[in-house]
Amino acid sequence: MSFILLHFNYVAVAILMMAGLFVVVSSSNLIKRMIGLAIFQTSTGLLYISLGKVSSGTAAITVDAASPEKQALANHLDPAYVAQYGVAGVVYSNPLPHVLILTAIVVGVATLAVGLAIAVRVREAFGSVEADEIEVLSRLESAQAGSQA
Amino acid sequence: MLLAAGAAGLLVAMTITIARAIMGPSHYDRILAVNSFGTKTVLLLSVIGFVFGRPAFLDIAIIYAPINFVTTIALMKFFRYRSLAQPLGLSAGEETLDD
Amino acid sequence: MTDMLSLIGGVCVVAGTALSLIGAAGLLRFPDVYTRIHAASITDTGGASLVLLGLCLIAGLSLTALKLAFVWFSIMLTTPVAANALANAAFGSGHRPRIGAFQIMRTDERRKTSRGTEAP
Amino acid sequence: MISFETLYAAAPALTAHAPVLMVAGPLIAACVAALSPTARTSWMISVTGSMFAAWMALAITGEVARHGAVDYYIGGFAPPLGIAFYIDGLGAMMALLVSSAGVMASIYSGHSLAAEVRAEKHTHVQAAFLLCQAGLLGLVSTGDAFNAFVFLEVSSIGAYALVAIGEKRDRRALPAAFNYLIMGTIGATLYVIGIGFLYAATGTLNMADLSARLATLGDSSVVQAGFAFIVVGLGIKAAMFPLHGWLPGAYSFGPSLIVIFLAATATKTSIYLMARFIFDVFPDGAAFGRNFIAWVLAPLAATAAIVCSIQATFEREIRRILAFSSVAQVGLILLGLSLATILGASAGLFYLMAHALMKMTLFMAVGGLAISLPARRLDDFAGVARDAPWSATAFAAGALSLAGAPLTLGFLAKWRLLEAALNAGQIWIAATVAIASLLTLLYVGRMLEAIFFRSAPAGAPRAVEAPVGVLAPVLVLAGLNIWFGLDASLPEQLAGAGAKALLAGAP
Amino acid sequence: MIALPSSLNANLVIGIALLVMLLVVAGAIVRTRSLLAAIILFSIYSLVSAVWLVVMDAADVAFTEAVIGAGVSTIVLLGAILLTRGEVEKPGWRALVAPALVCAGVGGLLIYAAAGLPALGDPASPANAHVGRAYLEAAPKEIGAPNIVTAVLASYRGFDTLGETAVIFAAGIGVALMLGFGPHASPLPPAATIGDHHVVLRVSAKFLIPLIALFALYVQFHGDLGAGGGFQAGVIMAAAIILHALVFGLRDTMMAVPPRLVRSIAALGVLLYAGVGVACMLNGGAFLDYDYLFPPAFEKQVPGWLLGDPEHAHHWGQHFGILLIELGVLLTVAATMLTIFYGFAGRTVEAIRQERGA
């Protein structure tokens, strides 16, 4: 039971990734595909953040040793646990995945913006945002270029 | 304990709001749901800041309310004006585009 | 004294949550957009006020309380305005209330909405 | 005469920081180009930035040749805490390749861009191009797995937008760019997931540290999944055989500035990163690694070499022929690497450089012709040899090299590949290389026949010789195809050093 | 054996509840055919994941996700469907078998790996024990910023952040190239005032806009003390201007903040960031080594009161370095977000105009 609970995050992330990827590869609408791509990218972040969580940890913003906040954070924990895994009496979660995912989120929004901009231009050029229709039009164009000769 | 109960209650309320957002039926219902969901999120963020002993994270709650507002206005303009560029306060939006 | 305040604060938070829950129930159960707006926005502001007041009592006089006041201020500023704008937009786009003085909707339209089809 | 020695001696202070300047130079140039007032100034900034990067790459190559691999700790923090650049023989070779391709492409763009993009957009096009270049240079020099992802994306996002602006010539550029974006982003995201798994298993992101920790760790499902995600993700970016769907569109509809640059570098840098992971980061003895090379990588590469060569033979549009040929040649490069011997790797890397050179020549020549002749199909190029003899000659040099005609670089490259395969006892790989070369002859023959031996139909639009600014880099590259065919010591040294760096402990 | 905190605590339960919510929302996004519903649900998805991130102690990431996912992404997506004029997806999937196989392959591999991953919250897992812990121990001494995420982001992995800024800059260039250089890109039609129904909105927006901008500055300069930083501040700053455009019209906003200026600011931000790196190099340190931001001779001249806390006095190079590069990030991000908004919103006017002309 506890194995399932403590690995639930990873399974949930896997399903979210699959959902995102499924929308990207199966949908024909370009905008919908971008939404799927955004979900796919966001779920990667969830994986990293899950890896960096520390039980009973707190966000990696150091707390003053004298502040009441610090007492509140530490007093319900096993002192041995705090001594081994804490820094200066407080257990913090791992900051590194947070840094990486901040970067990844930024990359995600950049991709989203550029992708949508291209999709808008596709609509202006082809009159459609459905991949199948665009494909037919492109094929037609290639074939026409061939038959004129 | 009371705070945890509060957080749990807010989670239930959020779930119900999501149900409305999924069901629709009209898009206005969805906007309403997302707006109301945003408010509940702000509350939940504030409450869990206290539950976990780090009220410093209220900053996120503070900024979320205005961002939610911006999104709602954008959604509303989408329906009313079919344009994000029009100034508010003009009726239907169609004729105002002409020079 | 602080224990007492924390207790009152906790009760306020729970009360506010209950208000939010009631609002959510209304959002789910009410028949049309306007009644749902009514349910959601009133309970949201009320619930938010209570929850934030409760948290303020727990926090005591500090920077945190100031921040909470700020959150309250921005919720009070934005939620009613957004609700107003939303109702305005919905009315402008031809949605008519299903009950009350504005009920001028035809029967066939009503059937369509109650079936849950997506409005244009 | 300004020799490499004088340049190296001139700026000792700069060369100490060469690894990071090589990346920061084009990055800063990109900002300045975006701020510059006219198309002309932005072009000059672009050329300057690219040349600066090439100079730095030269300095690093010299340093690596003399003293071995170069480390650079960014922010002064030692790895694994900080991000470190690590450039060994392989990295130096790639940096030199990318930056010299950048110089050629930016010089070339001075004239070619005017025909393809509206003038007011030029400043931003040059900025995007410089960002693309900075990204690829960062990718080949960084020693941090996540940092590599960031630079992969810097280069990709610039490239997506640049491919899309080919719409002015042909609207099909837009869906091609969109497709490229979707595939590229899926690839990059899979790579990030793979890095996440490796991070979960080892707790580090620095490649050297990863390698050391993976060696003590042994096999686990997490490491295996990490390996799979990294290889598939980079495989998409490298246009490895069944994942190459984005490439033909992007190469045939983008404006020539970006196409020549991408053709020479984009897939190659991903191959570089993939090789880094397969041979360097993952422990040598990892069973899944060896199985992957033997049962997946090599067969897929062989299939690519043959199937895509056949596809190229049946294509009608000249750029699509070249694009499918690129996928096939990626297969040949990977075949060389998959031998996992020093000889094989050095043959693969040699082929990588040779292919970059010849594809760049070909795309540049075609782009030069297309300035005056807005055509895509092979038939439209009938008889251009008479109207534009210089461009056609350059094209012929590249094409002959691609086909592996004796006395060209391509011949040597193929010969080395054959030799390495026979040496490793992999007869079927040798056979694949031979068959692929024969198939190459077919489509190269078709192209040369149309350009040289057919006459243009009456009334068809005639080509005009490309302007000097375009012709000069094309002819230089064409000359290099022949020159290196006669004296291949430079690429040979680079490839040899690269292979040694890649397979430190292999036979 | 040290007793781990009980596995079933409030943290875990709330986290799982939120993940279930995420799964439901994602399922609904996959199912719905209405693009608008998908966008609204995506905005909810971002919000839920922001709360989840707070539960997982990733306050900075949650901040970013909230302002990006629920704010900018939604608005950009709305702009895109306005321009593509398709609110409803065509019925029928393309082909279901191949996509399902691809997803099953990826998902299977993920779940195969998941079984081998350490349990959630294991403090001794390799990921948490090695470099991550080293940052927690080293950053307060070496950098001096209480927010360790900011310290790692800006200092240890400052080069990643430079790359990230470059990515955003590239995206701004890309969107500008696609949408923002049109023949009528900046001058918009004059606004004719017809009956004004939105007095409430206009008045409250006048209140809110300076407030949001002020808060952006707070997030910017508070970034090394609490959650926040240049990136979040940039997005919030852009949100303030976007709100202005939404309420008072794009034309007025573009007159106040011209698109050309915005594009230049984006480049200047990256330039500032890289310039700090080069300055450190010229003073004898490595690229982005803020300890060398000021030449030593200059550092001796600094009056004591400026250094403040004597305990952290030797970090002032780091402190100012982080401040400067965060400013660069702020400029680039705010300017790029605005460029993107201008691109999408400005195009709408043009599209409608073209349609009417045709």
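To keep things simple, chains are lettered A, B, C, D and E as they appear, and every chain counts its residues starting from 1.
One rule holds in what follows: a residue touches a chain if its C-beta (ideal position, glycine included) is under 8 Å from a C-beta of that chain, and two chains touch if they have at least 3 such contacts.
Note that the structure is a prediction, hence the values are computed from the model and not measured.
Traced through touching neighbours, the fewest hops from chain B to chain D number 2. For chain D, the chain whose average C-alpha position is most distant is C. Averaging C-alpha coordinates per chain places the centre of chain A 29 Å away from that of chain D. Annotation: 57 Å between the Cα-based centres of chain C and chain D. Centre to centre, using the average C-alpha position, chain B and chain C are separated by 11 Å. Touching two or more other chains at once are residues 17, 21, 30, 51, 58-59, 61, 96-97, 100, 103, 107, 110-111, 114, 117-119, 121, 131 of chain A. Counting only residues that touch two or more partner chains, chain D has 146, 150, 153, 157, 160-161, 164, 193, 199-200, 205. Those residues of chain E in touch with two or more other chains are numbered 11, 34, 59, 79, 106, 110, 113, 115, 117, 125, 127-128, 131-132, 135, 157, 160, 163-164, 167, 170-171, 174-175, 178, 197-198, 201, 208, 211, 226-227, 344. Which chains touch which is summed up as A-B, A-D, A-E, B-C, B-E, C-E, D-E.
Across the complex, chain E meets chain C through its residues 34, 197-198, 200-201, 204, 207-208, 211.
Chain contact summary for the complex, chain E toward chain D: residues 106, 109-110, 112-113, 115-118, 125-132, 134-135, 138, 155-160, 162-164, 166-167, 169-171, 173-178, 181, 263-264, 266-268, 270-271, 274-275, 277-278, 281, 285-292. Residues of chain B touching chain A in their complex: 52-54, 56-57.
On the side of chain A, the complex with chain D involves touching residues 17, 21, 24, 30, 33, 37, 40-41, 44, 47-48, 51, 96-97, 100, 103-104, 107, 110-111, 114-115, 117-119, 121-122, 125-126, 131, 134-135, 138, 141-142, 145-146, 149.
Those residues of chain A whose C-beta lies close enough to touch chain B in the complex are 58-59, 61, 69, 72-73.
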